[in-house]
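Here chain A shows up in two complexes: once beside chain B, once beside chain C.
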Partner chain A sequence: MSGPPLLAFDRVSFRYSGEVVVEEVSLSVQAGEFVGLIGPNGSGKSTLMRLGVGLLRPQSGSVRLFGQPLARFREWPRIGYVPQVAAARPGFPATVREVVSTGRVGRRGLFRRLSESDGHAVDLALESVGMMPFRSRLIGELSGGQHQRVMLARALAGEPELLLLDEPAAGVDAVAKLELLNLLRRLGQDTNLAVVYVSHDFETLRPYFNKIALLNRRLLFFGTREDLGEQQDVERQLIEAALASDHHEHRGA
Partner chain B sequence: MSKAPSTFGLLEPFQYEFFRNGMLAAVLVGALCGLIGVYIVLRGMSYIGHGLSHAIFGGAVVAFVMTWNFYLGAGAWGFIAAVLINQTARRTKINADAAIGVVTTASFAIGIALVSRYRNFTRSFDAALFGNVLGVTPRDVLAIAAVLLMVGFIIFFGYRQLLFSTFDAEVAAVYGVRTQWVETLFALVLAAAIIASMQILGVTLIAAALVIPAITARLLTDSFNRMLLLSTLCGALTGFFGMYLSYYVDVASGASIVLLQASVFGAALSAVSLQKRVGSRLLRTLQ
Partner chain C sequence: MQRALLAGLVVGATCPVIGVYLVLRRLSLIGDGLGHVSFAGVAAGWLAGVYPLLSAAMFAILGAVAIERLRSWRREYGDLALAMVFYSGIALGVVLTSLSRRMNVSLFGYLFGSILTVTQLDLIVISVAGGSVLAILTLLHKELFTLAYDEDLARVSGLPTGFLNYLVVILTAVTVVAALRVVGILLVAGLLVIPVSASLQLARSFRATLTYAILFGVLSVLLGLLAAYVFDLAPGGAIILTAVLTFLLATSVRGVGARRGVST
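Here is the complex of A and B:
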């Protein structure tokens, strides 16, 4: 495999108020890979994503993007990111197309207006997530699932090489979820796009990933789908952790 | 004593230089506050206009006492206050509203302390608090026009960056928008706009002029573009007619402008509610 990994965590740890959320995690993502980051609620998946895009700084260990240390990395247009809870702004007066077009600003820089080719990229992104018919709708008028698709279109509009998706299918129905997965797989094959897809829905998504990272604060497993098949004990650990977290949540509720 | 305008008397106030200067300044200030107000309202920062104008009052008094240039002294003070608020909210557990409360009231208190210590500028103190159109000079008008031009330039060329950071500031940073720069620029622009508006509106009323045109425009349109245009237009027109009102009713210019803006907002709110009610009744009839 040529070139440095697009994203590399090296023994990364992070604590919130003294509580360890991510512990000594090391993994890397290469071009064209479709990596599933799987773990129960509270396992540190979203924190790891936020560490990966520089929204949080690790307390120990290091993160590298496209071979560069995070602190020195400036090529943000190479990255697309969809957060777990996308900003819900019910009264915000911007259309779907306007919001998606903001995904191009990193490529233009400050004080350079968007060109015709930017508009074309925006339309393509809208088409690819099936939101073209909604392009003139206000962003606040969309359902949760449609909103997530717009956020994905915004990420795709920037034509990234690495896409980090934090539970992108939350609130999306089963059919739309499969369409999204097929789209991402196709983009990976056609454009060599690398995708990190965060989810706790392991069984549905398993066939789509060519690499799987199982996380429960610590990395339990990182490797190919086939390798995982031989490690039943890791899966069992994860399922137990998921059940424990669900049990804990229900008791909390 | 109020004056009743005759048909030809509408041009009467323009024979006075103070009115011509004041009118020009009011229209420009109205447009400026209307334009910036859109970003303030959509960022959920309506309180910052109120707080920052009070902070800048402190800066203006310090500039006066230290015999610094008013625009530079008060401007630097306001900018520092805005950055302090931003950094306190970003780097500590304190929310932005609480940070505004601390930084701006402390700055305002410095101004009050200096005013009570040096009692020789009571008139300037009143003018800063409530606005004084009589004191507007051509130099002030030029300064306001320069700020309006600067803000227009920044919004025209940085439209999408500002839209992104207003809509979703955290994610905008991941997409290469230099949100720190945008925040700093915004603080600078806001400080400049408040200083430019102080003479006309006074510290106490600037916040209203920043918020009312923007929320009126929001009632009337769902488009970000049109909201910018409508809010600017609403600010400029209420500045124009507010100045007239101020002359004929003989009240402070800031008060008449803000009262007119509040009336326009009330009218827009009533019109929109009525339209909704008629629309839903029509829909029920058709069904």
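Here is the complex of A and C:
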């Protein structure tokens, strides 16, 4: 392992209107790692992702990207981010290819037009997620699953070193989900891409992750798949405990 | 008439381009708000003896900055920010007009447009303003497209979204002022929005949306001016009504296409 972590949370906490959403979370992601961020609905997974890419600022603790504090970080093209399916824009008058090309904007810099090599990277990204045949389709005409693949292509087009995926398989059928996971694993092996994959579908995804983070506002477990595997049923107990505490706190609130 | 035509063409091309970014970001009414703020600027210019388009530009830009400041402060109250600036502008305009004690007839030229009385100075100001807006929008095309698609993704791409948001509203203010003499304060938002709405009925890409919007904007100005000349109508109103007709036509074409089973 060499160099600083690509993403590091250090005792990060965040509250919405006084309610704690993320509490004292510390974890880090190294190059080439495939990290599953697992937790029930409302456990703070999306918030943690938004904290990781600077869309939210933690009230306490710190976030570092590629060794630099978030406030000083400027190398955004090194990061790819796919938000939840809620980001879909029905009726937006742009083709799939035009949307994916926005993934190159950060690499090119202000005032510069996208070049032929940018176009090549866009086509490559579309190919990799199987959306090339849809490149001239309007983005609003796609299904939820297709839209997520376009968003993934958009992120990949920027040739990131760290990819943060927030429920990328929402609305995607089982076959497409496995294809997506295999693609991410291949990219990790071929390009040393680090992936943080947010989901609550633990069982399907478990074989793909080499590190697992179990979150329910607090981090309940963070370690390798093997660490977790040595302890029979520990992840299930942890998730059940998380769900129980979630339920209890909501009732108590 | 030549000056009117040139001014109309510049405005007809510029308004829809900035309008595309406004409509897609659900800021369609910002042109209306800035038009009303510029009314205060025109009135202040009359009162102070300053060239009215200059004072209108100063007020509109200040209004634009205020709207964006309020909007970025509390995003969920974006329309409230617009309303605050909108009514402050028109109230100030009314008060300043009443202070002058003489409702100058020329003020109506700004309220309803007076393209046929465009002076050489007006034409220069309109051309420089419109040309600058088009040049900046062309240079920042990819950044503004990304921002229009998703502001969060634009931020994570490293784009200076705060700066770009302010730039869009300031360019809107400049465009509104450039269009004042052509369609007037009360109708300026129509030229920002209606050609875009027509374009959205037919376009199958973002590039096509921009192209059709410019086409419909320029066509509305040319045909509107022609109608005004032939039927002795108010040019500003004729231009906007022509834009509405192009929208209805585009909607019909889309409807026919859909009935024939063509995917639109």
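A few remarks follow.
In this section, the second predicted complex is superposed on the first by the 231 of 253 C-alpha atoms of A that agree within 3 Å, B and C clash if a C-alpha of one lies under 4 Å from a C-alpha of the other, contacts with A are read in each partner's own complex, and residues count from 1 in each chain.
Definition applied: contacts are C-beta pairs under 8 Å (C-beta built on N, C-alpha and C of every residue); 3 or more make two chains touch, one makes a residue touch a chain.
Only a predicted model underlies this, so the values are computations on that prediction, with no experimental measurement involved.
Partners chain B and chain C, brought together by superposition on chain A, clash. Shared-chain residue A:G106: touches chain B and chain C both. In the superposed model, A:G145 makes contact with neither chain B nor chain C. Of the two partner chains, neither chain B nor chain C is touched by A:G61. By the touch criterion stated above, A:G119 is placed in contact with neither chain B nor chain C. By the touch criterion defined above, A:T95 lies against chain B and chain C together after alignment on the C-alpha atoms of chain A. Of the two partner chains, both chain B and chain C are touched by A:I79. Shared contact residues of chain A, touching chain B in one structure and chain C in the other: 53-55, 76-77, 79, 81, 83, 87, 89, 91-95, 98-99, 101-103, 105-106, 108, 110-111, 113-114, 138, 158. Residues 42, 157-161, 163-164, 167-168, 170-178, 181, 218, 221-224, 227 of chain B are the ones touching chain A in the complex.
Note for the complex: chain C touches chain A at residues 24, 139-140, 142-143, 145-146, 149-150, 152-160, 199-200, 203-209, 263. Note for the complex: chain A touches chain B at residues 53-55, 76-77, 79-81, 83, 86-87, 89, 91-95, 98-99, 101-114, 138-139, 158.
Partner chain C is touched in their complex by these residues of chain A: 53-55, 74-77, 79, 81, 83, 87, 89, 91-95, 98-99, 101-103, 105-106, 108, 110-111, 113-114, 136, 138, 141, 154, 158.
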